[in-house]
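To keep things simple, chains are lettered A, B, C and D as they appear, and every chain counts its residues starting from 1.
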Amino acid sequence: MRDTARVVEPGEIAPEIDVVRWFNTSESPTLDRLRGRVVVLYAFQMLCRGCVLAATPLAQRVHERFAGDDVTVLGLHTVFEHHDAMTPVSLAAYLHEFGLTLPIGVDRPTDTGMPATMSRYGMRGTPTWVLIDRDGVVRAHAFGAVDELMLGATVAELRGIPA
Amino acid sequence: MRDTARVVEPGEIAPEIDVVRWFNTSESPTLDRLRGRVVVLYAFQMLCRGCVLAATPLAQRVHERFAGDDVTVLGLHTVFEHHDAMTPVSLAAYLHEFGLTLPIGVDRPTDTGMPATMSRYGMRGTPTWVLIDRDGVVRAHAFGAVDELMLGATVAELRGIPA
Amino acid sequence: MRDTARVVEPGEIAPEIDVVRWFNTSESPTLDRLRGRVVVLYAFQMLCRGCVLAATPLAQRVHERFAGDDVTVLGLHTVFEHHDAMTPVSLAAYLHEFGLTLPIGVDRPTDTGMPATMSRYGMRGTPTWVLIDRDGVVRAHAFGAVDELMLGATVAELRGIPA
Amino acid sequence: MRDTARVVEPGEIAPEIDVVRWFNTSESPTLDRLRGRVVVLYAFQMLCRGCVLAATPLAQRVHERFAGDDVTVLGLHTVFEHHDAMTPVSLAAYLHEFGLTLPIGVDRPTDTGMPATMSRYGMRGTPTWVLIDRDGVVRAHAFGAVDELMLGATVAELRGIPA
């Protein structure tokens, strides 16, 4: 994909997410309200092959292992291609069929085709992982496959640092 | 899923398929026109987990290995749940993202929620495999996971039997 | 590995195997006595990584699916490196721990380091698959990874051809 | 396997290891000399199926990701069955063929069949993971499959705690 946006780098304050609808949560999480907690922000598309086969199941495992008082895992459905194919209706069926229970927000569509949060972060594609510390600072921003050991380690490290 | 339909058993003539739209082929295959050839009929849903992770990639491999003068592999998108989530628009994106090139027909929707061909065959769910010999006779009808060695063997055996 | 031996090609009569000891069978199979049956000859080393992770489990599956009146699957332990590490004592423990029940013969050691049967066939390394028809003719000779669908198909085809 | 030994539990001082020979290191690591560092002690057998297919590759990855100034990963070859099959000669070939480069010690054989270190720790079988903090205290002792995310997290947590 094209990427003309500036990439949010580690050390910068994490831009707020812009979500039009949530699944798997009755709240409407914002990074502002999650300040004081570690946030794992996982951006994906439901029909992105690398997401379906590896990254999304990993995000679900991160949610199952770490979600609690100190850590929140947020999926973000960042549709930047095949927009008509990956509507919230299709997303809901996908979540049901694949047993995905992590909170997932639908990134706000825009005129450019690139959704709002994806654009703010300068994400290059899906899957993308953003790790945010208790102070709301981006500590990692990775596109593509991530190492499961290192992901576990980084979440634990961020959790170990007081706000 | 409920299954009140009579199951088409091995030894019976394969009922004709009823497809409203094809992907990955400019022709409109029918079992009647394929008489004289072995047909592997693979029924799936694009968001069925067992299909996505195992059966659909296997159907693609069967197509790549065997499709030719004697064998035709036909995917059949038999949507019987989450109808709004698995429209042809979504199916097209899925085929593109996952690199699926086998011919795929969309089974005709009906008032019952169960599409026409799926109903005629009494299929119990997805994935379902139906192997049809050169004379148009069903030789195997299996729901769920199939063994790759045995699938290869059965296709080869049917191919080896003259019409 | 070096391979100065002439490779036995499809169409040639399969040279007899030369085995010093069998596991998982009380008989001493020879190709001569198996004439009239299809033989899948699978050459491996117990510590060859590609064998352990993929090819040997596949050979076991071929044995489980096809071994019977018409087909015999024979493992052949062709140790051509690390000879002291892969003795019959170690092989026996490996077969036990990994639940391998197909008949396995130990290829006869020679002064050259290359065992006798491996040398006769001009095998290039492990894993190697040799498919032999009912008349004792080599029909396939493959080094490395094989496709599971095609392996199933070829065994079925050879089984379908009368001696 | 029988296990009559008392199991070393989290919170206890880690008993010293008793190794007769090392691979992949020119030093002779002891827990005493490693005090001040986090130690991941991974006990396995080269022909234990669960070790070969999952746990030993994971131990290698832990070594690749974490070994350094603060963390040492030690494999421990704890042969308690098939003793003649898993000698150091066979182990060396296995390490070579599978590309394993983490330091591996051979646990001292005893008259009971159970090697010395395995017995001291009251390990129940292989694979077993023991995580030891900078003060030499056991912080986790697990038999069987471990979760990759949690393993990464625990190593990171222990690394983050000063001695």
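Rule of thumb we're sticking to: contacts are C-beta pairs under 8 Å (C-beta built on N, C-alpha and C of every residue); 3 or more make two chains touch, one makes a residue touch a chain.
In this text, all values refer to a predicted model and were calculated from it rather than measured experimentally.
Colleague: Find out how few touching-chain steps suffice to connect chain A with chain C.
Modeller: Tracing touching chains, the least step count from chain A to chain C comes to 2.
Colleague: Report the inter-chain centroid distance for chain B and chain C in whole angstrom, where each centroid is the mean of the CA atoms.
Modeller: 36
Colleague: Report the inter-chain centroid distance for chain B and chain D in whole angstrom, where each centroid is the mean of the CA atoms.
Modeller: Chain B and chain D have C-alpha centres separated by 50 Å.
Colleague: Which residues of chain A are in contact with two or more other chains?
Modeller: none
Colleague: Looking only at which chains touch which, which shape fits best: line, ring, star, complete or other?
Modeller: Contact map by chain: ring.
Colleague: If we count contacts the way the header does, which residues on chain D are in touch with chain A in the complex?
Modeller: Contact set of chain D toward chain A: 61-62, 65-66, 147-157, 160.
Colleague: Residues of chain A touching chain B in their complex?
Modeller: Where chain A meets chain B, its residues are 47-49, 52-53, 81-82, 84-86, 89-90, 92-94, 96-99.
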